[in-house]
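In this document, chain identifiers A, B, C and D correspond to the written order of the chains, with residue numbering beginning at 1 in each.
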Amino acid sequence: MDLAELYQLLGTTLRLATPLLFACLAGLFSERAGIFDIGLEGKMLAAAFASAAVGAYAGLPPLADPFPGQLSGWGLGWPAALLAVLAGIGASVLMALLHGFASITLRGNQLISGVAINFLAAGATVLIGVTLFNLGGQTPNLPDVSRFKEITLPLAETLRGIPLVGPFYADVISGQNLLVYVGLATVPLTWWILFRTRFGLRLRAVGENPGAVDTAGINVARQRYAAVILCGVLCGLGGCYLSMATAAAGFGDEMTAGRGFIALAALIFAKWRPWYALSACLLFGLLEAISAKYQSLDIGLFEIPVQFMQALPYILTVVILAGFVGKAIPPKAGGVPYVKER
Amino acid sequence: MKKSLPTWADVVLIPAINVFLAFFVAGLVVLFIGEDPIRAMGIMIQGSLGSSYGIGYTLFYATNFIFTGLAVAVAFHASIFNIGGEGQAGVAGVGVALVCLTVDQTHWLLALPLAIMGGAVFGAGWAAIPAWLQAKRGSHIVITTIMFNYIAAALIIYLLNNYLKVPGAMALETRGFAEGAQIPAMHEIASWFGASISRTPMNISFFLALLASFLVWLLIWRSRIGYEIRAFGFSEKAAVYAGIKPVKIIMIAMLLSGALAGLMAINTVMGSEKRLVLDSVLGAGFVGIAVALMGRSHPIGVILAALLFGVLYQGGAELAFEIPSIPSQMILTIQALVILFTGSLENMVRFPLEKLFLRLNRGTA
Amino acid sequence: MAVTEDVTGQPDAAPTTTAPAIGLTGISKAFGPVQANKDISMTVQRGTIHGIVGENGAGKSTLMSILYGFYKADKGEIKIGGVPTIIHNSDDAIRAGIGMVHQHFMLVQNFTVLENVVLGAEDGALLRPSLAKARDILTSLAKDYELEVDPDAIVGDLAVGLQQRVEILKALYRQADILILDEPTGVLTPSEADHLFRILEGLKAQGKTIILITHKLREIMAITDTVSVMRRGEMTATVKTAETSPAQLAELMVGRRVLLKIEKAPAQVGETVMEIRDLRVVDEDGVERLKSINMDLKRGEILGVAGVAGNGQSALLEVLGGIAAATSGTVTMNGEAMDLTHEADAGKRRDRRIAHVPEDRHKLGLIMPYSAWENACFGYHDRSEYQAKAGLLNRLFMRDDARAKIEKYDVRPPNCDLKAANFSGGNQQKIVIAREIESNPDVLLVGQPTRGVDIGAIEFIHNQIVALRDQGKAILLVSVELEEILALSDRIIVMFDGKISGERLPSETDENDLGLLMAGIDPKANQ
Amino acid sequence: MNILKTLVGAAALLGSATLALADGHADFKPAVIFDLGGKFDRSFNQASFEGATRFSEEFDVEFREFEIQSDAQREQALRRFAEQGNNPIVVAGFAYGSAMETVAAEFPDTSFAIIDMVVDLPNVRSVVFNEHEGSFLVGMMAAMKSETGKVGFVGGMDIPLIRKFACGYVQGVKAANPDAEVFQNMTGTTGAAWNDPVKGGELAKGQMDQGADVVYHAAGGTGRGVLQAAADAGKLGIGVDSNQNYLHPGNVLTSMLKRVDVAVYNAFKDSMEGNFTAGFSVLGLAEDGVGYAVDENNETLISEDMMKAVEDAKAKIISGDIKVHNYMDDNSCPAS
């Protein structure tokens, strides 16, 4: 493997890691506040669909005489992408609020609610998709105005000459789409919110000991709803990424393909910490990139089957959970509805 | 902790209201699509119960759901949420297939018990690792079983691709089982008695599922180990006080759960497909969660809920045939609504009902 | 800078100097079918320490939780500083100048002291300025009130007494004028409790009003100015402490004169049943719960274990009862060595004829959703008499067995199909006692046998324990109620900090003597 | 109770309604079942949908259709259509092989057709295509159009059928430019590989980063990502099965047509006219079963020379002067 190939692999890694990163940080907000969320997958899926649907309507040009499979859109130009992102976030937040209602207000089982949300998203996206577009659940191909395309950062070509670092800047850092950069920026932002703001202090406290928060005069439910909504926003961005920033350029049935669960695995792997989350997502992204590029990996002694690479994120998470390598201790009040004690 | 709801309200009224709500919302979805929900309902009922063909498919699906529902229910009794039925049933499919491929030159009367063992052992085996990690290392079993679903999927793909599929063939499936490993289908059984019914994949496993339900009932409510499992489920500390070992209970409950989930492979792999195909579980592992929730983890409830989901799956398929604008994801949506209303939103009905009954009781007292 | 100077009164509720700090009128609160507070009225003057006494479940904590906005009263009015105040939540209470130290500390264990103090009382959206300010204030508070705590320590690493200080600091940081303490000494040694009382005196001197909830009469007498007594959700009296006596308060608490002495014959002490040698328990966190315990249990005697909660008595019961494993040591039962260190195994203890009435019957002793007949053999369900064929249980026998126990132990209502949850506390305890005593043990371990049990049942339970002793069985009684220990025991050991700090005969000791031992001081050691 | 009555009533009504409907079309009821990926995959399944639709419009005959959601539904879908008297029943996809063997044997009086797979039963028509011939032609075009001398191929599921596409393509590339380099990737080993445009896009991007400027896909729904990635990079994609030139006008060099639509159309038409024949048929260049698409979306991309060379090769393949190796003959490919 030469350097170019390596950088190319790293570029792919970054792109594949971004939706994981959004979902992982989303889960981080929710679970740090004590609300378990195995519905990341469903929220992303809903967002992917909503953003693609609105992106198609808003971005496609009006047609005089559309035939089946074609859509007469509103031809909005650049605001189309903005509308699409808002729609994606909106759909995801709606799902998050449902989860919040079930687990905060009604004190229901958070795991079951998560399972339900995943199914609901898988079913409803196709149902609505078929009704709107009659394309078997897909949306029309998104026009370029409704998509995030590669951005070449300044000086990418100028600096390429510098050994090692130059090509790395030009091939890995530069040439990604806007959401990749947003995703990367979300990591320090999340850290800052959690550990440097009042909101973060309260959010972490409510996930550890909601009783302490309640007696300190803070509304536990409101704090948890805030966390759940933030989770919805980030999952929404993750979903938008899939439909608007990848080559899929639109929505397809079940297009999240388990990424929500890999993100969940990454969250545990990262022990609910933002910077670790970045590393975990990059690692899992790398694994996905390798398994996409190479059907099997020959490491000299024997071949590692591609299926092993695909299962590796889950295996690693189980190992971490088992506490063989550094125990992952979840927020103490996680998964437990808050009931005032007598 | 005084109970404010009578038992009948808890086990009958609340699930009934919740299922009604789920279907009501589903009806709204059908309206949104622009179809007539009453007509859709009619097609579903006619398609699932209106002919021996429909009933056969309904009971075929129900058989799967009884097994996976029982699997989730047994674990629920020990206060364990086994979300890994999908993986356990999938791996059990490999076990059943290996047995069948080995002994399919004999007779199904020999092959069936062996395959049952194969499915149960493989299913239980796949549940054993998360169970052990929960019991010994305190790893959250919900997360580990989710992870094991994905690991199972990768493992099965690997095995099919590299060892099990017919060399040179394109389809990712094993060879078909020979006569000696084909259990009687329902239409064959009917013909022994001179009756003629449509050919459907429903087979003898349905009776196996009923038998399993009875055995689970016996186990949970009549046996010593069931007594211990329920005690552990209510309070782990109390169980320890009573000399019940958590590790033992977690292992037993999960092994049973995995084995029950695994038995559905008898219905699909051995009974219907007569070969191991890639996706032999078809989400039944997840449906089991809804079935157990609705059935209040009681075998009778599980059977009834499994029948309802059988109707939903078969009726839903008919719906997709009859009204192509309602795709089969409608089933998934209804399934989600049922889980949502009977599971996580249950208190939406329970809280007001409790208040109502409290007021009624005060009124009469 | 003294913080109290910052307290210039609430803007919308300017207190007059004469108005009482707290005035409650007609407070009622029901939880479902349970009436926790019935028409309670109470007045507390500014700058005083007011005690509230009552048995467990008398409604003290509920009343204070209403005052602190944790619950909303169904009826009634609250006046703070003479001004009618509506308290919807803790935020309202804090704003009205009320602070509360809960029985179970409301602290975030993995936060620092500083973060815990600041939580909910931050100055702005950013954390750093708040923390910096809090650090300064904390330093001055520590000086003013003897409340030194390292502001950067992780709360979970602190000793219980220090965690309590953090709770007090939290309230003071919020400029509380009224401080409620709910059973503050339950987890403290007497010397820590004395330190706490000094702090409270200091606060009182600064003009703060303090409400102290407790069921320990000694504390009431020692520190309060006035005292209110609660019984079964009602307030039975409010009196000046100086004008009352412990006996009078006790009578008010339980509704009749307390049985101070139980009628019992002198013990006929027999040979040793159980020998405990060098028993040690180190828990998961590496804390040494038991430090080299040595003791003998003899036939025909009740050995009482006194001590402040958390000094190893629970660990002792758990290890002997097989709920937890010991770290090292030997225990011989009837001359045979038992393996305690390998793993917890309560079943094996029962096989060795050790019965156990656990301290917490709700969490351990009973399965609440199980019916009485299912509970009546819980723990013994693997004995052969309960077995039918093929791993099934003999339900007929189980019910007959349960009916017999219910009758013998006067469990009411005598319905073996009723769920455990639907019996009263006393009858629940009778089911547990019946089960354990009827298993015909050689040793009975009993933890807090009368906690939350009504008076009638207490007497019955005490008599059963004495009767078992008279059959020549050995009984190990753990109780935080010194009166109970003194009344029942034939011999008393006192535990402090995981060790036995002294041993007494009931005839040669009293509450003061035991109290010192409970603090680790043996007044007779140097004699 | 009222609800129940309504439901029962509705069910009864429906029963009669279905019957009436069935009577109206009792004479001729063709049906088509799509494979995973659905009829709007803009590729393989869509081609069979288009064939059925064209037939329906031409002869004003309605047809039944079904999109399966899982592998296990194959048999149920086949059996249901057969049981309801649909005839003929056409399925598209090799994965229907075993289901077809079972069901076709149960319904000997019903005509079945299966595409991409051979099922040896007296009432089944098996249609396979010489994809390697069509792929050879687009391979030539790719090589001639490429400026870097590097081209790519993205396959769907890694099976012999897709290797057959790849092998024909490579042979075509080498025929036009012996020095050309071909990058090949398969998307996966399961059915999911037909519907993963995100991964398809990444694979195509990888090949383009290595210098490929024309990428051909045989990957069903995954191919949407391949073509999108090519268009995003300003390079060229090659479509497959259906004419995909319209997806990104100017960025799709051509599409390798596999006339699944013709196979479906013919099966319907033959059956309607009573000319249905069972057995094995191979559609290649000679039968116009495979080919390449030129329309207004890509005509500017293809030069006269390219046209001439490709047409020449096509004639030679038909005449047998050029032998394109079929991977599935011996499960190996002479060119790579």
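Methods note: contacts are C-beta pairs under 8 Å (C-beta built on N, C-alpha and C of every residue); 3 or more make two chains touch, one makes a residue touch a chain.
Everything numeric here is computed off the predicted structure, so don't read it as measured data.
Could you tell me which pair, A-B or B-D, is linked by more C-beta pairs in contact?
Most C-beta pairs in contact, of the two: A-B.
Distance from the CA centroid of chain B to that of chain D, rounded to the nearest Å?
Here chain B and chain D have centroids separated by 36 Å.
Quick one: chain C and chain D, Cα centre-to-centre, how many Å?
76
Express in whole angstrom the distance between the two chain centres, defined as the mean CA positions of chain A and chain D.
33
Quick check on chain D: which residues sit in contact with 2+ other chains?
If we look for residues of chain D contacting two or more partner chains, we find 67, 189.
At least two other chains touched by the same residue of chain B: list those residues.
If we look for residues of chain B contacting two or more partner chains, we find 157, 161, 327, 329.
Check each residue of chain C and list the ones that touch at least two other chains.
none
Name the touching chain pairs, would you?
A-B, A-C, A-D, B-C, B-D
In the complex formed with chain A, which residues of chain B make contact?
It comes out as residues 29, 32-34, 81, 83, 129-130, 133, 137-140, 142-144, 146-148, 150-151, 154-155, 157-158, 161-162, 286, 289, 293, 325-327, 329-337, 339-340, 343-348, 351.
Looking at the complex, which residues from chain B come into contact with chain C?
1-4, 218, 222-225, 227-228, 230-231, 234-235, 237-238, 240-245, 358, 361
Looking at the complex, which residues from chain B come into contact with chain D?
Where chain B meets chain D, its residues are 38-39, 41-43, 45-46, 50, 53, 57, 157, 161, 168, 170-173, 176, 198-199, 201, 268, 272-273, 275, 277-280, 282, 317, 320-322, 324, 327-329.
Using the touch rule from the top, collect the residues of chain C that touch chain A in their complex.
31, 36, 61-62, 65, 68, 70-71, 89-95, 100, 102, 104, 106-111, 115-116, 118-122, 124-128, 130, 170
Contact residues on chain D for chain B in the complex?
6-7, 10-11, 13-15, 18, 64-67, 69-73, 75-76, 79-80, 83, 94-95, 97-98, 106, 117, 159-161, 189-191, 331
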